Amino acid sequence: MSTHTVGLIMNGVTGRMGANQHLLRSIVPIIRQGGVPAGDTLILPEPLLVGRNSGKLEAAARAAGLTRWTTDLDSALSDPKLSLYFDAQTTLLRAEAVTKAIAAGKHVYCEKPTAVSSAQALQLYAAARKRGVKHGVVQDKLWLPGLLKLADLVRRGFFGRILSVRGEFGYWVFEGDLVPAQRPSWNYRREDGGGIVLDMFCHWRYVLDNLFGRVKAVSCLAATHIDERWDEAGRPYPATADDAAYGTLELEGGIIVQLNSSWEVRVRRDDLLTLQVDGTQGSAVAGLRDCWIQPYSATPRPVWNPDQPNPIDFFAGWQKLPEQKSYDNAFKAQWELFLRHLVLEEPFRWDLLEGAKGVQLAEAALESSRSRRWVQVPELGAP
Amino acid sequence: MSTHTVGLIMNGVTGRMGANQHLLRSIVPIIRQGGVPAGDTLILPEPLLVGRNSGKLEAAARAAGLTRWTTDLDSALSDPKLSLYFDAQTTLLRAEAVTKAIAAGKHVYCEKPTAVSSAQALQLYAAARKRGVKHGVVQDKLWLPGLLKLADLVRRGFFGRILSVRGEFGYWVFEGDLVPAQRPSWNYRREDGGGIVLDMFCHWRYVLDNLFGRVKAVSCLAATHIDERWDEAGRPYPATADDAAYGTLELEGGIIVQLNSSWEVRVRRDDLLTLQVDGTQGSAVAGLRDCWIQPYSATPRPVWNPDQPNPIDFFAGWQKLPEQKSYDNAFKAQWELFLRHLVLEEPFRWDLLEGAKGVQLAEAALESSRSRRWVQVPELGAP
Amino acid sequence: MSTHTVGLIMNGVTGRMGANQHLLRSIVPIIRQGGVPAGDTLILPEPLLVGRNSGKLEAAARAAGLTRWTTDLDSALSDPKLSLYFDAQTTLLRAEAVTKAIAAGKHVYCEKPTAVSSAQALQLYAAARKRGVKHGVVQDKLWLPGLLKLADLVRRGFFGRILSVRGEFGYWVFEGDLVPAQRPSWNYRREDGGGIVLDMFCHWRYVLDNLFGRVKAVSCLAATHIDERWDEAGRPYPATADDAAYGTLELEGGIIVQLNSSWEVRVRRDDLLTLQVDGTQGSAVAGLRDCWIQPYSATPRPVWNPDQPNPIDFFAGWQKLPEQKSYDNAFKAQWELFLRHLVLEEPFRWDLLEGAKGVQLAEAALESSRSRRWVQVPELGAP
Amino acid sequence: MSTHTVGLIMNGVTGRMGANQHLLRSIVPIIRQGGVPAGDTLILPEPLLVGRNSGKLEAAARAAGLTRWTTDLDSALSDPKLSLYFDAQTTLLRAEAVTKAIAAGKHVYCEKPTAVSSAQALQLYAAARKRGVKHGVVQDKLWLPGLLKLADLVRRGFFGRILSVRGEFGYWVFEGDLVPAQRPSWNYRREDGGGIVLDMFCHWRYVLDNLFGRVKAVSCLAATHIDERWDEAGRPYPATADDAAYGTLELEGGIIVQLNSSWEVRVRRDDLLTLQVDGTQGSAVAGLRDCWIQPYSATPRPVWNPDQPNPIDFFAGWQKLPEQKSYDNAFKAQWELFLRHLVLEEPFRWDLLEGAKGVQLAEAALESSRSRRWVQVPELGAP
């Protein structure tokens, strides 16, 4: 068995998501397992960590059992042995660095949002096509076990005609005064690229498009419920970005989607993210890992009678799906597909155009919130 | 102890709600308990059932242990011993009958929607004021134990500042072919006054106004998910009315409400109606009878890590409120207050103006759905 | 990153508390983690163990992975590279050794009680101030997770107005004949500085002062329930010290505290130490690590009816607080704060004056027990 | 089998305790069971209800299935067929009525407190002895199943030497604004004979004297934690009586008792009243109906180590006592003994002297609270 090495520049993996999901749970396990199997070949990434803070880079490399890191992105981009550029920086820095990488002829794989405007996101796509490099965008939620089970149900026709989708995402992110916040403070500052609409609607776009049908229109109300928070150093700061978004969407086929995203909600549901799908033949509720179904024949027939305690246990009437497959980490699963795309020319449809669609939906949602009306989401093509 | 009798015309109590909630669970128990205690007096209703179908009337009277019924509304209205008119007919018939009753100098108490347009609903209010009769509108959900518990939490300041309210109402109403439908077929025909927006937004108005703050604006998408159903006789008919409504509302104080109403949803939640309230100091989820709370200090601190089964049980972290009071049937509770209002001159704020506000919100929601934009809900006064 | 070393004399760490809590669970882990982070510096203690028994010292050093120990306290105190003196000897020996250390210009950190009388304890405080050295006293219970959770509840205003605190401390300490005793025999001999009042009221003072309000007066009944015990060598001895204390205290703000301390009680409660706090808006019960709450709205409404098994489960109506933070060993947490105080000049309010307050309360409690009346606890200042 | 009827004047059974415990759960069941078996005879009470409000009397009689009631106490007392006078009026009215009944030659049985001062209580005892009538005082808690089980343990020597008793009585009595109060408002007004010390220390006296040993001295702090409440008509009133009492007592034999009584405590324990008894050979915790034990051999050996979750489940190590006997209602049990005393000359030691001892302890407790010192409780004899 031969080994095909891929020199990989990893930029921005000292942050929470970059370090945990991409470095420690994707690339390191791929290296430890000897590479991604691809026919007779194993595709082995050889990462060079890039960042701005040498102390953090050294620590990240040590934690990953790696030795190579640098603060000099330009020299990394000029090294011909490094063929792939990965970017997990904060959103505001992404487009410029990806543009440079494309210009240097690197293939690119990057986190979402790919840019802060759909115009900029489309330019990245156009640049990559023009330069002829391969490109991909992280769309990890598609590989969550709960959503994979949902996708299987759709594919099998379990739902009959799908009527509606209800999504609840979020949890209580502490303000940071008495209890430390679970998320970085820049998420709550608009001026630093924060905001839940920009963060989450990039996800919603690919989830909805891939599972249920193309998004056609959106109505959204973005809110900033908590306007003072405490940062990593314990200092109060004004929270200027939206921290909750109440959305309604229309998909192809007349499916209506109601989607709440919030960092100020206490969770009384199956998981941090739940999607309920109702169809003529049955319904399902998916969390991050599990999925429960209620087919037509198992649907109870409640009658409105609030005089008495309801005789139906509305949780017991659902069946939890068994594990018919084993599921890898969602980020790692997509990394493996991208590395195969790089080496084997396998198709990979989660590219910079798809990434731009995510930014487009976030933009449309914010526009809807400002103008207090529905906003259409037209088909997106190369500029 | 003296007894004060109230001659009561009950129109439309052969239907489901009228018979069950108003006749059998409100008026009959009040008669059996000897009347409504009011200082040294017992207020005793003496009902005369009125309707269009003598067979149904006779059956309803017999089921209630009563003997008096008639199909002649006009002669009932001309009887000076009958001082109170109650209306639970279908919506399309209500305004005309209530208007006649007011003209005859009767006090009126009636179901919602009071009319099919807010203009007409306001005319009823103006007519009652002009004629000097007392008036009330059924707003039963305010006396549901679950919502009373929620109201107590608001009053005690449990939530701190309320940020948002999420409401889910509905269940799967069977189409009627294989499984009999749980609701009358006219509910699904626009031409007969059906539709979930007209039905439910009258409720949402008084629930939101009374519990959280005045409704200021609404965005709503009404849908007809199932367009063919089978009626009481087993015959298929086109379902022309909206059967689901996806609403977002703004209240005074910046509270945002997200409210789904649907007869095509399978229930995986605590009850047929659930309201989740999130505030800076705590959250609550109320069903029809029960209520669960999670104060700030008991709020878990989840971290996003979909790699592993979530270590937090998101249902266990809520505490079910104990029964600190005993609760009567919600309809009966409001009937008793109205009868005391009639005899004792106690204030009663759930009147025809409040009823008109419900119709106003339903109207605004339908207008929003048509125009695909937010619609303001101005303060309502006498025309 | 630079390292700032602190030469540390540890006297009395061959005993149970000194060895386990201070040496093995505080200083050794601090050394293993590379020191206490303090900006760009790591504060690294370099301990020299001091004691009277060379065999025990050698064993303690070996267990800790250390090499330096001596039985010559005076020469240790004369070494200028050792800047900090720590004392965990038995109470009777403490004041003299601490006084010597202060005279030698060492900073001091020591266990409680700091002395056997408040006059002596205040002299230590005065001497330290005069000599200009830094000083601290162990008040470990403030960093117990259960009490930290309680302190957060107080800070958030969870209780409304606090009415009362009930404390139960203790467990069955075996007499030592058939089952070996869990505590050293000197604890049960007055002539050796034993007694539960002197031991525990030093703790109660800082716990009450810091969590709920300044102690103003105390009523206490000290008892010796078991007057014969068996020592470490299996020999019977007369137990002359108090082994149980029944106390009532008044705090600023009218809060009443009822506190039992006993080594002759069998435990049917949540933990070895439990504090129940009742306030107008809610109550909490804290153990060493966990804390349960019952807010007003979740307070059951029991009715006295001993005819029938009580329908309320009085344990189920409480909610266990989730882990919103991670907690280090309580002793280690305070050690780290003291080391930062030493190097960074950060304030540290748990000093020899606070230590003297603990001795003052123990003294007042014993005086109350002798005179069978309430004893006031005046504000304490430098002598 | 012959029947011996006892004409019984019941005064004050329209109140909560009188109606529920004495009329409906004691006298009515005794009548329904045909009387109290006493050798060949059945002792059958024939009650005449006496009170001040004819409406309430009529309702109480009807609820009990009785027909005889009067508002004229004097004529009842002059009826020779009525030989027994029972009093459950509010405390302020009791002594005068009992004195009249004794003067009329009636045997007397009455609720506690028998009077508002021990001097007055002793006069009742002296008057009854002088007039030669039989007398008894309700001491119901002695017949609670939980306390009967405790008494059996004492009798069997289970505890070895008893060292201490811890008592917790109370629960949250709602203020009456949002949640209706569970107790009558006069309990919270000193001017109406209210107060928890007067109410509960009468109970504590006979419980302690009978179960563990004679009370020798008391230290008590009485408090009024909540000073505004809402009465039965929903009107706010100042709560002037003590609503919590923190007591410590010394019994014969050196037993120390710590006793909290409170109407402002939330319950996290086995029952509304719990008594924990610790002895050299074992401990027990009794609630109203159940009792748990932990003998010496089953006593765990906890070690103080708050670093880690405690490995011992402190509730699991206790054994719940099985039901070895069946237990009747506590009030009814004592009624039956008193009726047998009346007819069969059986001894009955719970008499007016015992009742006076209860008032004596309440008085001493209040005196201790005022003078802030221990108060002796001397032996009580006839004046």
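Which chain is which? They are A, B, C and D, in the order written, and residues in each are numbered from 1.
The rule is simple: a residue touches a chain if its C-beta (ideal position, glycine included) is under 8 Å from a C-beta of that chain, and two chains touch if they have at least 3 such contacts.
All of these numbers come straight from a predicted model, not from anything done at the bench.
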item	value
Angle of rotation relating chain A to chain C [CA atoms, steps of 5 degrees]	90
Greatest separation from chain D - chain, by CA centre	A
Distance from chain D to chain B - Cα centre to Cα centre, in angstrom	49
For chain C paired with chain D, centre-to-centre distance based on mean C-alpha positions, whole Å	41
Centre-of-Cα separation between chain D and chain A, whole angstrom	67
Shared-contact residues (touching 2 or more other chains) in chain D	174, 179
Pairwise touch network: line, ring, star, complete, or other	other
Pairs of chains, among all present, that meet the touch criterion	A-B, A-C, B-C, B-D, C-D
List of chain C residues in touch with chain A within their complex	152, 155-156, 324-325
Chain C residues within the chain B interface of the complex	149, 152-153, 156, 158, 281-282, 293-301, 312, 317, 319, 321-325
Partner chain C, residues of chain D touching it in the complex	25, 144, 163-164, 166, 168, 171-172, 174, 179, 182, 219, 221, 223, 225-226, 244, 246, 248, 250, 254, 256, 258, 260, 262, 264-272, 276, 278, 280, 282-283, 285, 287-289, 292, 294, 299-307, 309-310, 314-315, 318, 329-330, 372-374
Touching residues (chain side chain A, partner chain C) in the complex	174, 178-180
